[in-house]
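Across the two complexes that follow, chain A remains constant while its partner is chain B and subsequently chain C.
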Partner chain A sequence: MGLLDHIWLGIVTVFTADPVFSVAGLPISITIVMVIMGFFFGIFVGATPGIGGPFAMSISLPILISIFGFTPDALLPVLGFLVGIMKGSTVGGAVPAILFNTPGTPDSLMTTLDGYPLTKKGQPGKALRVAHFSSVSGDTFSDIVLITCAPFLAILVEKFLDFPEKAALIILSLAFVSAVVGSNVWKGLLAALLGLFIAYIGTGEDGYPRLSMGSDNLANGFPLISAVLGVLILGEVFKAFEDMWREMRETSAITNVEVKGDNKLHWHEIRRILPFIGISASIGTMVGALPGIGNTLAATLGYATGRKVHKDDPPFGEGAIEGIAATEAANSAVAGANLIPVLSLGIPGNISAVFILLATETIGGFNPGPQVFRLVPDQINQEMVYAFGLFTTMIFANGLNWTFGGVFMRWMGIMIKIPKQRLLPIVLLLTLTAIYVQQTSIFAVYVTLGFGFLGYFMRKLKLSVLAFVIAYILANNLEESMREAFAVTGADPWFLFAGPISISFIGLAIAVVVFFARNQKDLS
Partner chain B sequence: MSALSKMTTRLAVAGFAAAAFMATSTAQAEWKPKGPISVMIGFAAGGGTDTQARLIAAELEKRKGWKIIPSNVSGRGGSVMARKLKKLPADGLSIGMAVTEPFGYGMIATKKAGYSLKDFTFIATTTSSQMGIVAKTDKGWKTFKDVIAAAKKGKVFKFAGMSPKHADINFLIEQKYGVKFNTVILRGGRKVMNAITAGDVDMGYGAGIQTKAVKAGKMVNLASGLGVRLKVSPNAPTLVELGIPHDIGAKFLFIAPAGIPADARKALADSIGGIINDPSTKASQFVTKNYGGPDVVTGAKLDALMQANVDDSKVLMKVMN
Partner chain C sequence: MNNQRWTIGLAVFFIIASAFTLFVWIPLDIETGVIETFRRRVNIGDAMAPTVMAAGILVVSIIMGVMAVLRPVEDAKSPEEGLDRQSFAFLLRLIIALGAGLALMFYTGPLVVDLINAMGGEIGTYRLLKDTIPYKFIGYIIGGFVLVFGTIRVIENRFSLTAAWVAIIAVLVLTFLYKVPFDNLLLPPNGDF
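Moving on to the complex of A and B:
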């Protein structure tokens, strides 16, 4: 079976497997329905200040798994929903930023700089249209790069990376993530080591479940979803509770905007913003392909670069549509490219990618890694079919975004009216319920709460939770590949330094840490 | 009729009625799980054990209306799963899927295995492995004898196995022929196949997952790990013919913690056996395509089989020492 057969099978699976109903004689598959639902849900949560894509993905994942089960048939519907949320929340985030000067997601912060001035001028419609157009363009560009690059990269990895190199690559990724996220390289490393340490509880090859202190509950290790959701979501909720309590926020009255003047997006304006979209989409894609540095940095870089290039009136910061375009194209381009390391290496780069990986790990039948894109003669590589199915859902979600996203997004201005103090308890309750539904164990709920407090204190101490979570997820891969590399080299203790590729990975890992640590000194 | 005999008759009738009632009530009340059944799969997702377990789980849900939750508890050829399963309540709601090996050689060879046959109720086997030593065709080897010839010239090959038993068999081969392998134990047959395909190892053990690739001419079975030659590769010598007198074939099976209710054991065994023996199910088609076809053993026969497996392994251990 050739590449084209797999692509075609992937597309066919998405559009025809398990039809739920038919429209005008055309059967609509469950995957398509899930992408649509996920997409609109994504715009909705993206437009709601205080919660974003990761919240929505984390709450949905356990519920989706308990609905669809663990057979590979569940993969595409569940991944489709998550992809929908990922795409929807990116465009949705711009809505409150433009209308109310409140970013819905952290990466829309730069959108407020030019979006809100346009709103004050009476042109919120134009600002939203620019945001939508740029966001979708950036996203589409990034997906095209993903679809063309991931298989290619996977083949390279398979060809050139042996056991020791794979172990070295995981070390490099962890070093990179630890160094670039968060406030401080050493704190990042500390967070990653903490993640490794906790992941090593109850796992391993030894006869006795490691570090479990005789507890049967710990013999299996901590439930993966509980730990990840606890740190990422509950930690954030607890922190937000504290912030609210501190601020006792005087809720600023929301003034209604008077819409006047030209609110359409014209062709000559599209021509004006296109170069900015191009530059920002490239920046976002490059940033996205590297693990650890997420949307917010991409948006900042995109905006900063755009400001340097921009010469006309109005300048950035006073309602320039180019400013909105530069930001939105950059932060949206991160999403697709982020799946490049996930699909070709099995290494997640940001929180959305963590949830995609978590879904595949929990459901089974699809193990992201280089073998996904291997062609076996006369056979179907089912994993490659799933990969192209995933790509199909992404392209379909982009199609939705181009056609309906803009309209739906402009309706979402109303979400600002939901007060945080109502929203966050709902998120807390939903997360715990979702955990209980999926794991059917009260111990899992305690674990989630425990990791929630851990996440809270990590935020207080400015320890990066992303470094923690990525290390936690990669811990077993790291241990296994180290063991395997050690065995396959005939028990050579210097296996990490046996070949030029692994030596350069380890060298890079050290260089990244030293480089960012030195930079910090200069800054302070 | 005397009063006494009347009473005897009455008692007899009452007794008969009670016995009949009990008989019908046991016949009617087929065992039903009180909640979702968790199936712990002893290997990583995507491999042969995993695929079987998930196909059977899906079919059980369809046929019986039971809720099944599969999860992968991989490590050490299934013994990590066995240790975890043993501690779970014996109510039929926690079962595991593994291969016979961690309950034979794997258990005997480990100093503190942490379990014995007594800790489990064995429910049903599904199929038997087509254990072979596998390499890519483009290596140019026809049988394992070619490997030995090359290794004797001083070449050290990378050799992937799935369990410590494979490492021991490799050790026996090394001893017998004066050669050296770098043996690496990977988690599950799927990882071994990936490593062979990617060229990360030169050869490895496959329990049947290699069959498709062998048929397609991409891979070759160099030796059979069974007592007999493999169906798909009749030219590959058995380990016994190579002077290693061991049958390392394994069966796939479902297990539960010791002492699950007899009706639960029977209900589980009957439904799993029914699925595997029904050629229209995906599970049955899968084991026919990749392994030795359906091979369902249950009840006392299975207990005897597990005991024989342990006795054989003790013999191998003696040789090793």
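Moving on to the complex of A and C:
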């Protein structure tokens, strides 16, 4: 079976497998229904200040797994829903930033700089249309790069990397994530090492689960989903609780804006913003392809580059549509590109990618990594079919975004009226319920809360939660690669330095740490 | 005073914790060594990965601590951000709200059943009744309400009737969302009984 056969099978699976109903005689598959639901849910949560794509993905994942089960048939519907959320929340995130100067996420902070001034001029509709057009353009560009690059990168990895090189590559990725996320390289490394160490509790190859202190609850280690959701989501919820608790002493009024003047996006304006979208989409895609560097840096770089290029009036910061376009195209382009390291190397780069990987690990039957794109003569590589199915869901979600996303996004301005301090406690209960429903054990809830408090302390003490979570997820792969590499090199203790590629990876890992340690600015 | 007090504190904590792990926890709680020989084949043992990570944490903490002591950040005008007294006050309140909510969620159902039995009801154990209304929902609804309402109370620092209604509606909607379309899903605490 060739590459084209796998692509076709992926598309057919998405559109025809398990139809739930039909429209005019045309069967509509469960995967398509899930992408549509995920997409609109994504815009809804993206537009709700205080919760965003990662929250929605974290709450949905355990529920989806409870509904669809652990069979490979569940993969595409679950991944489709998560992809829908990822795409929807990316455009939805611009709504509170533009309409109410309230960035729901750090990356939409830059959108407020020009989006809110345009709203104050009475043109919120135009600002939202620019944000939508730029965001979807950047996202589509990034997806095209993902679909064309990931298979080839995976083939290269599969061809040239053996176990020692794969172990060295994971070490390089962790060193890179630790060094670039946050302001202090040593804290980043500490977070990654802590994530690795905790992942090794209750696991191992011996009959007695190591470091489990004899507890039956720890016999299989901490549940992956509890650890990831606790640190990433509950840690953020607890931090937000505290911020609100401190802020409740101050009152802030929301200014109502009167809509006036031209709120449409015209062709001559699209031509004006296209160069900015092009530059920012390229920056976002490049940044997104590197593990650990997220939307915020992409948005900042896109905005800063756009400001240098922009010569006309109004200048950036005073309601320039080019400013909105530069930011939105850059941060949206990160989403697709972040799946390049996931699908080609099995290494997640950002939080959305963590949830995609978490879904595949939990359900089984699809292990993102270089083997996904391996062609076997006269056989179907089911993992490759899933990968192209995933790409199909992304393209379909982009189609939804181009057609319905803009209108739905503009309706979502009402979401700002939901008070965050009353919404987040409900999100907390929903997350704990979702964990319980999947694990059916109160111990999993306690573990999730424990990791939540760990995430809270890590945020307060500026330890990178992303480095921790990525290390936690990669811990098992790293140990397996190490064990295999040690075995295949005949118990060579220097197996990481067995070949030029692994030496280069380790050298690069050390260079990255040294470079960022010398240039770090702590306590900024 | 050094302006990186939290970084130094963190370094000291992890130096002590990693040293304890390396010299006490790992030797006592892992049955294989760092390297294992089985039928003349040399393999990496279960102790290798945790030992390397704990040693890494120790080294990184020492470097982090030494650098924070020797090279305090010059342009920082105020002490490093971290936890303050208010953070701990907030955490204590949050833990009370969460603890009360979870305890009620876990124990209300069994306690109600025990109470009815003690009063001569003879209705059987909670395990037998966990799929029967109202017992299957009672713990989740009461515990969930206390968890949501208690947390809103902590954040807003006041009792509010609207918040109580929000909590009641939220917990009823969640119960409905989980149980009506998916009857096989178990709400807390029913999976533990």
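What we mean here is this: the second predicted complex is superposed on the first by the 516 of 524 C-alpha atoms of A that agree within 3 Å, B and C clash if a C-alpha of one lies under 4 Å from a C-alpha of the other, contacts with A are read in each partner's own complex, and residues count from 1 in each chain.
Simple rule for what comes next: a contact is a pair of C-beta atoms (placed from the backbone, for glycine too) under 8 Å apart; a residue touches a chain by one contact, two chains touch by 3 or more.
Keep in mind that what you see is a predicted model, and the values were worked out from it rather than measured.
*Asks:* Could you tell me whether chain B and chain C fit or clash when both sit on chain A in the superposition?
*Replies:* Fit: chain B and chain C sit side by side once superposed on chain A.
*Asks:* Go through the superposed model and pick first if A:M244 touches only chain B, second if only chain C, both, or neither.
*Replies:* In the superposition, A:M244 contacts chain C only.
*Asks:* Just checking: does A:P72 make contact with chain B only, chain C only, both, or neither of them? Give me first, second, both or neither.
*Replies:* Touch status of A:P72: first partner only.
*Asks:* For A:I380 in the superposed arrangement: first (chain B), second (chain C), both or neither?
*Replies:* neither
*Asks:* When both complexes are superposed, which of chain B and chain C contacts more residues belonging to chain A?
*Replies:* Between chain B and chain C, C touches the greater number of residues in chain A.
*Asks:* Which of the two partners, first being chain B and second being chain C, lies in contact with A:V20: first, second, both, or neither?
*Replies:* neither
*Asks:* Where does A:W186 make contact in the superposed view: on chain B (first), on chain C (second), on both, or on neither?
*Replies:* Only chain C is touched by A:W186; chain B is not.
*Asks:* Examine A:L3 and indicate which partner it touches, taking first as chain B and second as chain C; both and neither are also allowed.
*Replies:* In the superposition, A:L3 touches no partner, neither chain B nor chain C.
*Asks:* Touching A:I510, do we find chain B (first), chain C (second), both, or neither?
*Replies:* Touch partners of A:I510: none, neither chain B nor chain C.
*Asks:* Pick one for A:T440: touches chain B only (first), chain C only (second), both, or neither.
*Replies:* After superposition on chain A, A:T440 lies in contact with both partners, chain B and chain C.
*Asks:* Put simply, what angle do chain B and chain C open at chain A, by C-alpha centres, to the nearest 10°?
*Replies:* For this superposed arrangement the angle is about 70 degrees.
*Asks:* Regarding the shared-chain residue A:N367, is it in contact with chain B (first), chain C (second), both, or neither?
*Replies:* First partner only.
*Asks:* What's the minimum Cα gap, in whole angstrom, linking chain B and chain C in the superposed view?
*Replies:* 7
*Asks:* Can you give me the overlap between the chain B contact set and the chain C contact set on chain A?
*Replies:* After superposing on chain A, chain A residues 204-205, 207-208, 440, 487 contact both chain B and chain C.
*Asks:* Would you tell me which residues of chain A are touching chain B in their complex?
*Replies:* Contacts found on chain A: 69-72, 158-159, 162-163, 203-205, 207-209, 216, 219-220, 361, 364-367, 370-371, 374, 376-379, 383, 440, 480, 484, 487-490.
*Asks:* Give the list of chain A residues in touch with chain C in this complex.
*Replies:* Its residues touching chain C are 63, 66-67, 184, 186-187, 189-190, 193-194, 196-197, 200-201, 204-208, 210-213, 238, 241-242, 244-246, 248, 421-422, 424-426, 428-430, 432-433, 436-437, 439-442, 445, 449, 453, 456-457, 460-463, 475, 478-479, 482-483, 486-487, 491, 521-523.
*Asks:* Provide the residue numbers of chain B that touch chain A in the complex, in ascending order.
*Replies:* Those residues of chain B that touch chain A are 35-36, 44-46, 50, 54, 57-58, 61, 69-73, 75-76, 80, 83-84, 87, 110-114, 156, 158, 160, 182-187, 194-195, 197-198, 200-201, 212-213, 216, 218.
*Asks:* Tell me, which parts of chain C touch chain A in their complex?
*Replies:* Interface residues on chain C, with respect to chain A: 3-4, 6-7, 10, 14, 21, 25-26, 29-32, 41-50, 53-54, 56-57, 60-61, 63-64, 67, 73, 76, 80-83, 86-87, 90-91, 94, 98, 102, 106, 140, 144, 147-148, 151-152, 154-157, 163, 166-167, 170-171, 174, 178, 182, 185-189, 191-192.
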